[in-house]
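Next come two complexes built around chain A: one with chain B, the other with chain C.
Right after this comes the complex of A and B.
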């Protein structure tokens, strides 16, 4: 591969991510034109690795609704696109993928699987999450995530039982790590930006200072409640499992004790002891519920809470500004 | 009187001679008017960013880059929303464009956004050369009335001039005909989210290393407030000037100012207090709930691990 010596196996030394203007604009455009409502749009990121930075220089979108089109082959589309881009000297190293999100709900099994396969193939892969609703509220919301090395290990083993996770000490906070994004532009792009600023009219919408918040809060809280419900179900499942386990342990103990008693009785009567039976076959341990889903839900709930807190802090600031404004005039 | 606007170029076929005959003068006059009558070209910034990027990646020795423009067209305007570059070779006498590639890429792009069609082509550089005419002819086969866009990446006039043209036939009908490129008006349009993205990136210009991190939330509100403050101070200085007689008073500006002052809602102090307090209470409660939830799941995590 095109890896440089800065990366050692298993260690993430990626300090930051450099994204170019046109990647940002293309992602925005893709969602704007093709994504409606809560549908998710996805695409591929291209770029290269330079020392300790990952530079994302281009991207192309994936078409949606591929279920309708039976002959559509995703891999073929990707291959063709990358081959064509190579002809025009665009970096064709696949460094990650991007996805839009609905109110911050992206921590899911699908994301995990995709990111795992990317990171398995290319160590420095990232997934860029673009939040169009937050962006429409006034500030570009683009975040980059990778799976932590611990989580990569777990996914490789495909062992999601509680014991394995306990051993690896994975909490929901250690699943995804955020990579800081920096936007870097060439001088020519700066000239272009200057030109655009001169020729464009002043923006007439200042969404960032908008006071209305209830709609957004309602939706976020709704999603949070759904997840918390899911979480409580998982917890109930886990608790029943624990209880079953202890009950079974008790039953095993009782059985063993009875066996012992019987054996001593038989010995005292001079009869041969009963044959030892395989305890484990008689008392099959209950199936441990997979902990991965719980972890994912916990991670998602955490994400929602953080988003909500950021949103409320912004709104509090705006309310205080409104108060100051009113105070002067009244 | 017969000043030729610097924007239009007339690539003449060799047979017709260029003289200051009344015919030519008439034509010069004609296209000065026609500049306003072509379709309005609305460009999204993503197109320009892609063009600049493909210019920066051009092959050694190539002086310019060409590519296809995609978008939508209606009766009075053309909206350019996407583009891709097409490899081509250009030398003194001939030009070769990889048509296969162009067709292929268009097919791939159509899979993602089926509503986009080929509406023209772009080239970097300042002039329209003879080769452009040939390429334009090719594109006329792909799209009805294609537009041609030039982006001056060599910054000939210390600015990146972005121009668009549409071609039209001219000359004496029946005898030798030529092709003329008439300039069109360009407007930059943005989706709201695009606008926000571009505004953020305008700030990268200021930093010396041309980089910019994405700021935290409260800081963004603070900077937005700062911008409004700037605008207010500009207005205040203008008003001072008008009051002291330095600048002529303009009635329309005065009306806007009245509008602005009236927009601050007049609410009694108690009503405002109660509204403010209920909003703040809502937000605080939500923050409290979010914190509570986070504490819960953290606890749950620890309990499971025990």
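Right after this comes the complex of A and C.
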């Protein structure tokens, strides 16, 4: 009942996302314990909607399980967990999920599908993307995304043909909308944090000035290159399709013309005209390649580019700073 | 009783006896009394029954039945092993075996009968025959003794007592022939008979069987007699035949040819000649006899001085019929035929040279021939050139069909001199008499026999080594002209006069080959380029293509000898990359193609093979190719270590490298390939000394390098190349480690002179392969350190990929527009592709080009 309080007809915009520090720490911990390298960890977000903002008050991880663990039922596990949490009087409403990412690679078909099913079932749900690598470099990186209503429409139709996407006027930049995050704590925790800040030394923050950046960049470039390759392939596919289509169109045209000529001749001779029903059977239009993947790749590439841009500009800043410092000291 | 048989019986029976013992034991407890006598009778009855069926089957020639029953008999015999061991092998069993074998052999010999037999029967016959032959080996002694009985007792069936007596007789008889110890044999025979007596009375059937056996034996005996008689007759015949053969020679045949007293003149001889000719090609004609007849006719016409005209005519026919002797195109001439053929052609040429008033030609019609001695010159139809060409082909065929590693091959090869001699004489003859067309043809023959031979004499002369006292040396010197001059003269004539493309093509190829063989690289190359053969050789017929391939290979090897590694590599690339060098050079058939071609194609391909003495050494070829690939590829690989779009220069070479890497355990190199791979690895590290030791050593010398005529020079060239390329590789690989490097050090490291090092480095700098500059006063190379880092490399790659992406995108757009070259200025399109070598040089241009 209370679920629909702020979210009627799905028209209300989710303006803000309040995340409790506890959730953030839990996610980080989850990754540190179970995630490794390019492996991804996932979990469920719990919380509630208050007016135009979504409050995420708790979360729990999906357990890692191997393929041969057939008995394991994820849904059942989730239900169990939520029931248990309810028993200890914790918010138990399912409001989304979280996922870790590896160098910002998260725009994928899998994410799209699961977020769609979430958003389809629970209007307000979001996906939290946590970037452990950036976080390790000193700045917490946590982002919340929702599928745009346009994309939701398309996903509902399940029509990813070029025409449909064209009609929907969707580009890679309109696929996901980012929801601003506010980390909100109780006053007690704020007090504790302020206290801790006092105590912490500057040494802990030296990481920020690290100038060796090539490793990170190399990785990003590699990933970017991989996606660019993928994009090229998609384009080639599309290209072939287009060419086939035009070719067929021409053939069709020729055929129709010939048939028409014949018919006029027949008419002049007083014979009945030939039927024209088989035209679509004869020229089956070639299978159009689904364009969703291209969109996703484009989104991912965009993502990488943003990352690299941010990273390099930061680094440039650092370099200038270092230069200035050097000039100052000498 | 069992003493003899215990020793005589085979191991098989012993084995089976142990197995068979179980059966009686199992049943033995209750019927212990029966076992003693019953099984004996029972078993033998079983055997005799089977034997009877076999005999019946034999009578009606039902072989499959026979086989079936024999197998049963065999099994039954095994079953009764215990008894047999105790009592000995029953005589009737032996008898059957012997009879059956004889019978089968008889059937086997009877070819007619075998043909009539149906398939099943024939098959059964052959299996049974084999089986019984094998099986009877175990009973050899028994069968022999049985046969002796047969031989000396034709009437043993009469009564048992007689048999008994006689059997004792043959016991002693066999001592002489059998060679066995008297006791044993005698005992065996007599005991066998006793045994027989004992069991024969068991039933009537057995008795009748024996009677039948006796009858059979009698018949058999008779048959043998007949055989003997036949043999005698055969001998008689043979003698008679020999006599005839002795009487056959020419003297006897002459009267056959012409009736006595006939005046032998032109007309008669020609008539006779035509008579013989008419038989030619007919089915029943004895071809060798025909040749004899021709010879005889030649003799007659000679005796009667009928003039050279007719003689030439006959000679033509003799040679033609010699060629005709083998109806099969694939078969080659026998040695004596070949000799005869050579002699004949020689004689014919003699006549032609002596009598300049003989005109021969294909286009002279039969009826306008003038064979009689008159004022007019002789006119004879026939073409000596065709005959000689055919002879040359026959020679090739003989060489193709001789085992190249035998003495026979060497002997046959000695005839090459004669063949060349004949061709030379014909050449002289035709030069004075033939048309240009014919001259071209005979020139080509001459060229074909010259082009692949290395002219040692000229080689030595060019080296200034003269005055060697070898007698053959003197001979050679007296021969005169260098082969190069001859080739030049002949080929140029053909270039000028020939009107058929094929002869000219062949001549050019041979000319190039010859140039290449004698290390005249530039002439060879220029000729090859001028001929434009590369463009249209695929339209030529296979033998010409093979010649082309041989020429290309020789050209490549020549380039290698001259130190033009790149040219060598390019020339050999096509042949080597296919992996079918052997086939392409016509030096052998590839096994893996066996399924693809049928027998007919295989025959055709076999006919195309180049005789062994003209072969190009395949290992040498591969080695030259791999070494030149190594010299090109290793520095290239070092220079383009980070390049994502690096292209392989030589796939074959990379393949060898990969094979080398896959080896789990790397021992010292054995084969030529392993040597090259090991050398490549050393070169990769810039270690030229190791590389050198792998490429040039005892093994490689004997395998490859010693095959070159100027082996020392080639080796020196190789060492130098290895040093230079190793230096380059070293600089590519390790330049990032150095700030600067002294050229003196480099020259010491690679044992190259300072100017050489200087020039190599300068070249690298000019080509923007090495980012460095030379510091003249200190003689050092100063590195610029502009090598891109891996991140930069990656960025370059990304840029390239993006270029591709944009291009693809544009194509989509073009399609939408319906016009190619809309929207963007298409001139820029090239920009993406041109920038393939971003790596070193291209990297800088990047800023200049805008897109």
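As a working rule, the second predicted complex is superposed on the first by the 293 of 330 C-alpha atoms of A that agree within 3 Å, B and C clash if a C-alpha of one lies under 4 Å from a C-alpha of the other, contacts with A are read in each partner's own complex, and residues count from 1 in each chain.
FYI, a contact is a pair of C-beta atoms (placed from the backbone, for glycine too) under 8 Å apart; a residue touches a chain by one contact, two chains touch by 3 or more.
No experiment lies behind these values; they were computed from the predicted model shown.
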item: Chain A as common anchor, with chain B and chain C clashing or fitting; value: fit
item: Contacts of A:126 with chain B and chain C, given as first, second, both or neither; value: neither
item: Partner chain(s) touched by A:152 [first = chain B, second = chain C, both, neither]; value: neither
item: Touching partner for A:49 - first (chain B), second (chain C), both, neither; value: neither
item: Chain B, chain C and vertex chain A (Cα centres) - angle in steps of 10°; value: 110
item: Which superposed partner A:292 touches (first chain B, second chain C, both, neither); value: neither
item: Partner chain in contact with A:183 - chain B first, chain C second, else both or neither; value: first
item: Touched partner set for A:112, first chain B, second chain C, both or neither; value: neither
item: First (chain B), second (chain C), both or neither touched by A:222; value: second
item: Of chain C and chain B, partner touching more chain A residues; value: B
item: First, second, both or neither for A:235, with chain B first and chain C second; value: both
item: Nearest-approach distance, in Å, of chain C Cα atoms to those of chain B in the combined model; value: 6
item: Contacts on chain A seen with chain B and repeated with chain C across the two complexes; value: 214, 217, 221, 224, 228, 231, 235, 238
item: Touch list for chain A against partner chain C, complex; value: 214, 217-218, 221-222, 224-225, 228-229, 231-232, 235-236, 238-239, 242-243, 246
item: Parts of chain C lying in touch with chain A, wherever the complex brings them together; value: 789-791, 794-795, 797-798, 801-802, 804-805, 808-809, 811-812, 815-816
item: Chain A residues touching chain B - in the complex, by the definition given at the top; value: 18, 20-22, 24-26, 28-34, 57-58, 60-63, 72, 77, 80-81, 84, 87-90, 132, 135-136, 138-142, 162, 166, 169, 171-172, 180-197, 199-200, 203, 205-209, 213-214, 217, 221, 224, 228, 231, 235, 238, 291, 294, 298, 301-302, 304-306, 308-319, 321-323, 325-326, 329-330
item: For the chain B and chain A complex, residues of the former touching the latter; value: 44-46, 48-50, 52-59, 81-82, 84-87, 98, 101, 104-105, 108, 111-113, 115, 153, 155, 159-160, 162, 188, 190-202, 204-205, 210-218, 220-222, 224-225, 228, 264, 266-269, 272, 276, 279-280, 282-284, 286-287, 289-291, 293-294, 297-298, 300-301, 304-305
